[in-house]
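Each of the two complexes below includes chain A, the first together with chain B, the second together with chain C.
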Partner chain A sequence: MNLQVELLEENSVQRFKIVGEIDAFTAPKLKEKLAAVEKVVGMQAEVDLSEVGYMDSTGLGVFVGFYKAVKANEGHVKIIGVNKRLKRLFEITGLEQVMDIVMEESRDADATV
Partner chain B sequence: MPQEVGKQYKELLQQYIDNRNEEDLYFGQQFSRQFIEKKIAPEDVISIHKTALAEVFPDLPEKVMYSFDFLIEMMIHYGLALREHQSLIRKQEEIQMEINVAAKVQDTLLKTKIPDFEGIDIGFITEPAKKMNGDYVYFLNDDNNVASVALADVMGKGIPAALCMSMIKFGMDSLQGENTSPRNVLDIVNRIVEKSVDDSMFISMFYGKYDARDSSFSYASAGHEPALIYRASEGGFTELDAKGLLLGVQPDVDYEERSVMLEVGDFIVMMTDGVTEVRTETGFIDEGLIKSILLEVKEESAQSIADTVYNRLLELQNFHLRDDFTIIIFKKENDLV
Partner chain C sequence: MQPYDYIEIRVPAKVQYVGVARLAISGLASRLGFTYDEIEDLKIASSEAITNAVQHAYKVDEEGEVVVGCALFKDKLEVMVADHGKSFDFEETKKRVGPYNDQEEVQFLREGGLGLYLMETLMDEVKVHNEEGVTVFMTKYLGGERGDEDAERTITS
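On to the complex of A and B.
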């Protein structure tokens, strides 16, 4: 199973673009990438999940850990590009209430830009 | 001991040099096993070879014999590496034994008994995908009127998960009387878990409490998969969801508590994501599938309903569970005995 993480810095926002499936096999790689920056004080992180086809609870654990670490360093985590299935996962777990989560933009909205 | 193997070695060597057939080579290979068993180091093997050679060919030039002293030095670190490897294997065996003991302790510690009293029929099945289970079911039953159940899914497996479960169990055991309302239980357990777990670890938990005196089922959820209730009067299902964050993310969480009344024939289905997120070759199962299986067997006993769902979904995954699987059924029985 493949997973790619790209890190882009845009106007002091750390933007992570994740492509692939996040499960028990790929999660350690993701965790390592995120852990490299999570101690930065006051970091504004944006995690783009629009190219993530599947994520299980191990993946969710990685984001919970990242969220806690960034929050402890007075930073902010925003998760974008969340599809319907992932949205349900964030809803059920109650994480939607504490994390900044943005649904995937619909194709129509893209077209008008 | 070295003299004895030295003698045998010499005989085998002599035999091979004289005949040079495959069979003798094979004997040599088998013989090396004895060397390993007797913990003879690689450098000692060279030394044995040197001695044997000197006896077989007394006229070998001295210079050739010196070369073996050099070879012996070359082998010293191989010998050390081998001993290190063997000591690691021993350590690993010790750790494995400790894990086995821990798993047994966990089994005993986390044992739970289905509450058995009139008015409610309870059945459940929990199966780990691997050796240790990350799902945890615990029944509490203080008197003959109230049956409570906690269903937790611990992210992560093995020893850390097992320790977490013990924490949950003792947290719940310490609560009594009015403190056992679902929202209270989750609040207390969350505080315990939040203080104790690693950052990337979390637990989802559903807590339900059935009171036979008024047939009410109250529940709260810490980020857990919603339960289902089957209404015999309507012939359909409704989701039992309640707002609440996963355990272990932050210390102060307000858990919502809700309650439903059960009529005869109604049943509640509590599950972990190993049930709802079954993945087959063609993708995730349709959420209607579980409901349709439940409908087929709705007249059966709680245990039989749980078993049927398990067996059907196991078959769909080609008899190979990808995730820990747990389903619990609370079914209201006929009041008349």
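On to the complex of A and C.
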């Protein structure tokens, strides 16, 4: 039950690759990593969840916080690599209506939301 | 009353044990024959309840414990999570939780507070007792209301 966060910069997009499980134990670490850059003005960020095996409301809380902070600094956050399970979580909480969420490239034809 | 197997897990009220209890519940749900999706629902709902309990219990007493009781029936799993810490008012809490909607300004999105809402959405029944700490009772039925028809039962051998 570990969590790794890697930050890659590609064409001025900050891409966070998150690997592991996001829960009450690991969320503070994730929050800290994201908070380190959220004040950058006009940041284009991508959060890749394709290697996240578990997430609950603690993870959603972290992403909402990050989304708000980046937006307040005129940036944008895109959540990518969202599998069926995670999509359900974003759906039932209504967050997919508000945030920019892209499904994992697989099976589903209606991948982009 | 139906016969059932009862398993109790007691963990210190520390966040690093939430995942341990979650794994145990996942194993029990698998034994009962829940589908993959149902097990994932159970994992999230239980973790939400345990996380709440850990946070409430910890505020009162750093040495606190969280008790997770699981009753395995033929057709359902009941999960009971008890802290013995600070209580919250269910009705009051309930008013403040719920789905986000796109009418809301992003600035007003609430962080946290979704735990109870997720429990109610992912389980078939959720009850909260508020005497000497908070106790959450949650039930999920096998082949429940939201069962995916294309989902296969997990192997229960």
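Some points to look at:
Heads up, the rule we're going with is that the second predicted complex is superposed on the first by the 106 of 113 C-alpha atoms of A that agree within 3 Å, B and C clash if a C-alpha of one lies under 4 Å from a C-alpha of the other, contacts with A are read in each partner's own complex, and residues count from 1 in each chain.
Convention: a residue touches a chain if its C-beta (ideal position, glycine included) is under 8 Å from a C-beta of that chain, and two chains touch if they have at least 3 such contacts.
Note that this is a predicted model, so its numbers are computed, not measured.
Overlap between chain B and chain C is detected when the two structures are superposed via chain A. Of the two partner chains, both chain B and chain C are touched by A:Gln97. In the overlay built on the shared chain, the residue A:Phe25 is in contact with chain C alone; chain B does not reach it.
Once the two complexes are overlaid on the shared chain, A:Ala69 sits against chain B while remaining clear of chain C. With both structures placed on the common chain, the touch criterion links A:Lys39 to neither chain B nor chain C. Comparing chain C and chain B on the residues of chain A they touch gives the larger count to C.
Comparing the two interfaces of chain A, the one with chain B and the one with chain C have residues 56-58, 60-61, 64-65, 67-68, 85, 92-95, 97-98 in common. Within the complex formed with chain A, the chain B residues making contact are 153, 155-156, 198-202, 204, 222-226, 241, 243-246, 249-250, 253, 273, 277, 284, 323. Of all the residues in chain A, the ones that touch chain C in their complex are 1, 21, 23-25, 54, 56-58, 60-61, 64-65, 67-68, 71-72, 85, 89, 92-95, 97-98. Against chain A, in their complex, chain C makes its touches with residues 15-16, 18-20, 22, 37, 40, 43-44, 47-48, 51, 54-55, 99-102, 104, 106-107, 109-112, 114-115, 117-118, 121-122.
Of all the residues in chain A, the ones that touch chain B in their complex are 31, 56-58, 60-62, 64-69, 85, 92-95, 97-98.
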